[in-house]
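Should a chain be cited, it is by its letter among A, B, C, D, E and F, assigned in written order, with residues numbered from 1 in that chain.
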Amino acid sequence: MADAPHPASAHPEPAPTELTHFRDGLPRMVDVTDKAATTRTATAEAWVRLPPEARAALEAGTNPKGDPLTVARLAGLAGSKRTADLILLCHPIPVTGADVQVTLEDAGVRITATVRTTAPTGVEMEALTAASVAALNVYDMLKAASKALEITGVRLLSKTGGKSGDYRALQTSQTQTARTEAP
Amino acid sequence: MADAPHPASAHPEPAPTELTHFRDGLPRMVDVTDKAATTRTATAEAWVRLPPEARAALEAGTNPKGDPLTVARLAGLAGSKRTADLILLCHPIPVTGADVQVTLEDAGVRITATVRTTAPTGVEMEALTAASVAALNVYDMLKAASKALEITGVRLLSKTGGKSGDYRALQTSQTQTARTEAP
Amino acid sequence: MADAPHPASAHPEPAPTELTHFRDGLPRMVDVTDKAATTRTATAEAWVRLPPEARAALEAGTNPKGDPLTVARLAGLAGSKRTADLILLCHPIPVTGADVQVTLEDAGVRITATVRTTAPTGVEMEALTAASVAALNVYDMLKAASKALEITGVRLLSKTGGKSGDYRALQTSQTQTARTEAP
Amino acid sequence: MADAPHPASAHPEPAPTELTHFRDGLPRMVDVTDKAATTRTATAEAWVRLPPEARAALEAGTNPKGDPLTVARLAGLAGSKRTADLILLCHPIPVTGADVQVTLEDAGVRITATVRTTAPTGVEMEALTAASVAALNVYDMLKAASKALEITGVRLLSKTGGKSGDYRALQTSQTQTARTEAP
Amino acid sequence: MADAPHPASAHPEPAPTELTHFRDGLPRMVDVTDKAATTRTATAEAWVRLPPEARAALEAGTNPKGDPLTVARLAGLAGSKRTADLILLCHPIPVTGADVQVTLEDAGVRITATVRTTAPTGVEMEALTAASVAALNVYDMLKAASKALEITGVRLLSKTGGKSGDYRALQTSQTQTARTEAP
Amino acid sequence: MADAPHPASAHPEPAPTELTHFRDGLPRMVDVTDKAATTRTATAEAWVRLPPEARAALEAGTNPKGDPLTVARLAGLAGSKRTADLILLCHPIPVTGADVQVTLEDAGVRITATVRTTAPTGVEMEALTAASVAALNVYDMLKAASKALEITGVRLLSKTGGKSGDYRALQTSQTQTARTEAP
């Protein structure tokens, strides 16, 4: 199960056509033992589409003492620490920083989640999990107002660190490009 | 269970403009103690959009011994049991049945999750969480092939049980209506 | 381990001097299988004492967008769902309602947590756990301002339901009675 | 996904040759929504074989203040509450009683775990998980003394309740029957 | 969200009056990615006040096979590993040592918890969580004997490591100073 | 609680006859703060004995879309991340690789689990937990076919790294040596 062969799993590297999470057709947790721990950052985005009743309820429910968007923000931060519980083949990562923004926009509720760590593997899944969990919490608070809520555009905005190099997404999501209004 | 003493929960219902998860502007876990436990079912859907490289990798990685879609399916099933950990204001629900389908379609990977229970509150969030977690697991296994994956169309397809009555979504999602091909 | 004898644990009831969580001197999870599920409520209280620098930091940090007291409130709500993870001999209880109040008072930050359920055993530990977890979150956010913070007066204010009957604490805690100012 | 057909999963019952956890070849969490909650008990057993050095260390380490067997007993009790986290297709069950015995016998450390509930499905897996987790904790405490420890004979001793009827294992395990000494 | 600016969160440092867990008024998990991992130790204390009936029950229930104080001790040790689950904005820390002492004193049950790690941030919250969880477990085992139990004096006794320097609390807690008997 | 004395726990090392997890007769989490993080690998094995009906059900239930052995494999991988939740005195370890093999053999279902990390302590318990959890999942899926299933031969096959040196088990387990057929 290692980059370098060792007694317990002396398999060759996967063929180019095999998924990294699989070896000889079987799922495994990828062995990153021999990779150096480096600084890594990932930012993910998610949107919650709001039917008019949900938007009205959200606007009415926003108040100085306990904003629904703050609930979602905190849930997303906590969710980033749950990633390895949810993603079966994901390594447990000691997250060293997380920031989740939840804002009400014309196109719906926008969530961005940035996660950082120093680890031998990246934190894309932690950022995506934080964004998804924040979105699910928005949904939960608004579901009494509308059952037509929809979570869309969950995607990676950028990442830095790691041998695959830096990445920055195009400004518009796949969903956006096929539509006239924002995402 | 509020500021003023009361034997069980003698408060009036929140004003129409207040979110059910809030009382006097502050978040709480809604009190369902006095509601009867009834049979409830919810089905949710999610999609993972696949750039061509991701689709090729998924097709190459699908094999009799360990299909990536099976990993996602199991992760979704397990994720349904994590809902109350992730959704801050959600009640813990004893899920009594869960079925997650993960299929490769022309428009991407489609996930449907059906969750059932006998409880005083519904399982929409359990079904949506199962679908989201399954989608995140698909993403995780394909992220080495493409960073432009996107999770979209996470929505409730149907629910039965509970006093708000049954619900069945329109066949196309909000996202779909603005696009020519499937979702 | 049951009220009525059965093959797997046909022990007599514990002697009057034995703790209910023990039988023949050994810890166990008390068997409540044969007790009826009834409605139960418990309210607990906790205080966080604030040295002057911590109070100043809290007052400065309170703002419309993200009040530290709201963070503590949400953490307490989520904490109520973690009780059986933390209390080794505690039964898992399907909490059906939870309300945590966190307010800044002259004597410090006051937390009250009310938890409700329909179950064969009570929710005192859920309310006390919610209050303790909320207090720990207050501590966490203020610990950079002062290391002399102190959590005190974690106690049961009231409970209803269950065969041991209703309970309501005296207005002042043990701690308060020996002190001149509020708790 | 139900015993009776319903809109979200109107599949026929599995063929006799199909595992109950699968339908049409795919894993699911079995639907027990329509089954009545009844009283159920299960007792499981596990053994830890002790090489001589491990037995000597255990005997030397047993003391009035903190017996290793008590650590294992408590870990097993806590482990019974983790079953649905570990068994992917297992329903979350509100355990209403648990008793774990850990004793030093001539043949090794013997663990028996009895779990009870009132639920639509049984607690065999909870009892087996409690016994396995207790055994793993025994192993952990003794592993510095010997690396040849072995956990064996993890099996169901008895169950009551549920439509499959009561069960009581033969006195000797499969392992025992092929060996001259106890288990 | 970092000490040094980076693309994903190029905000300036918080103003002196802002809590470290907040930026621009919004909660976040503080970014410690760029801090070196160093050795850190923290010791926290908690007390459980015992009404006479609770003390009598505890003394009667203490026995060679399964001391209630041992249950609390183990629960506290396990609780130290749950800190990041409970404290919403807390980093997950790989605890490398934990020792919880639970003793019966004239003034009640005294708990001290020492936690150690090598990490970029401290373990005060881990020690305080361990002490609080141990205290809650003491409460749980004695609550049938008295409902007037009270957890008090949860505070940091000392810490070493980290740039804020070492700390050692005054011998008496805030609670103690206002009272004649021990805390 | 450290290898080297320090203010918070200046106890001497345990006497040779004391278990490493105990000091002065009391359990603790062993202090490994001052040990260097090095690469470590452990491989564990477990067997599930199959009565004929269980074997027949497993063979009938094995299919291209969702093999029961794949469910067990994934559950074991996920279980390796739960070790510190289950083993009370175990350190949380950032697992950096895990591979679980589940195969049907003449003697039953064989599970081998290899876990790797870079940490100051070993991953024997992670490998043993992964193997045990995989075995419990096999049991769960086959328990409707037979109640005489049995998990046996849970043991360490090999470990590398750490100051206690490398270890490789004899080819046959304790259980095997007393029996004629495989384990």
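As a convention for this text, contacts are C-beta pairs under 8 Å (C-beta built on N, C-alpha and C of every residue); 3 or more make two chains touch, one makes a residue touch a chain.
Keep in mind that this is a model prediction, so the values were computed, not measured.
Participant: Would you kindly count the fewest steps from chain B to chain E, each step being a jump to a chain that touches the current one?
Facilitator: Step count on the best path from chain B to chain E: 2.
Participant: So using the touch definition from the top, which pair is joined by more C-beta contacts, C-E or A-E?
Facilitator: Of the two interfaces, C-E and A-E, more C-beta pairs touch across C-E.
Participant: If chain B and chain C share one sequence, what is the angle of the rotation that overlays their CA atoms, in steps of 5 degrees?
Facilitator: Angle of rotation between the two copies: 120 degrees.
Participant: Just curious, how far off is chain D from chain B if you go by their C-alpha centres, in Å?
Facilitator: About 31 Å separates the centre of chain B from that of chain D.
Participant: List the centre-to-centre spacing of chain A and chain D in whole Å, with centres computed as mean CA coordinates.
Facilitator: Each chain's C-alpha centroid was found; their separation is 36 Å.
Participant: In chain F, which residues are in touch with two or more of the other chains?
Facilitator: 26-27, 64-66, 70-71, 73-75, 78, 85, 88-89, 94
Participant: Chains as vertices, touching pairs as edges: which of line, ring, star, complete or other describes this one?
Facilitator: other
Participant: Can you name every chain pair that touches?
Facilitator: A-B, A-C, A-E, A-F, B-C, B-D, B-F, C-D, C-E, D-E, D-F, E-F
Participant: Over in the complex, which chain A residues touch chain E? Could you list them?
Facilitator: 39, 41, 43, 70, 73-74, 77-78, 80-81, 94-101, 114, 116-118, 158, 160
Participant: Which residues of chain B touch chain C once you look at their complex with the stated criterion?
Facilitator: 1-3, 7-9, 23, 26-34, 84-85, 88-89, 91-94, 119-120
Participant: Taking the complex as given, what residues does chain E use to touch chain C?
Facilitator: Residues in contact with chain C: 17-22, 24-27, 46, 49, 57-58, 60-61, 63-66, 68, 71, 74-75, 78-79, 82, 85-90, 124-125, 128-129, 132-133, 135-137, 139-145, 147-156, 159, 164, 167, 169, 173-175, 178-181.
Participant: Where on chain D does chain E make contact in their complex?
Facilitator: 64-67, 70-71, 73-75, 78
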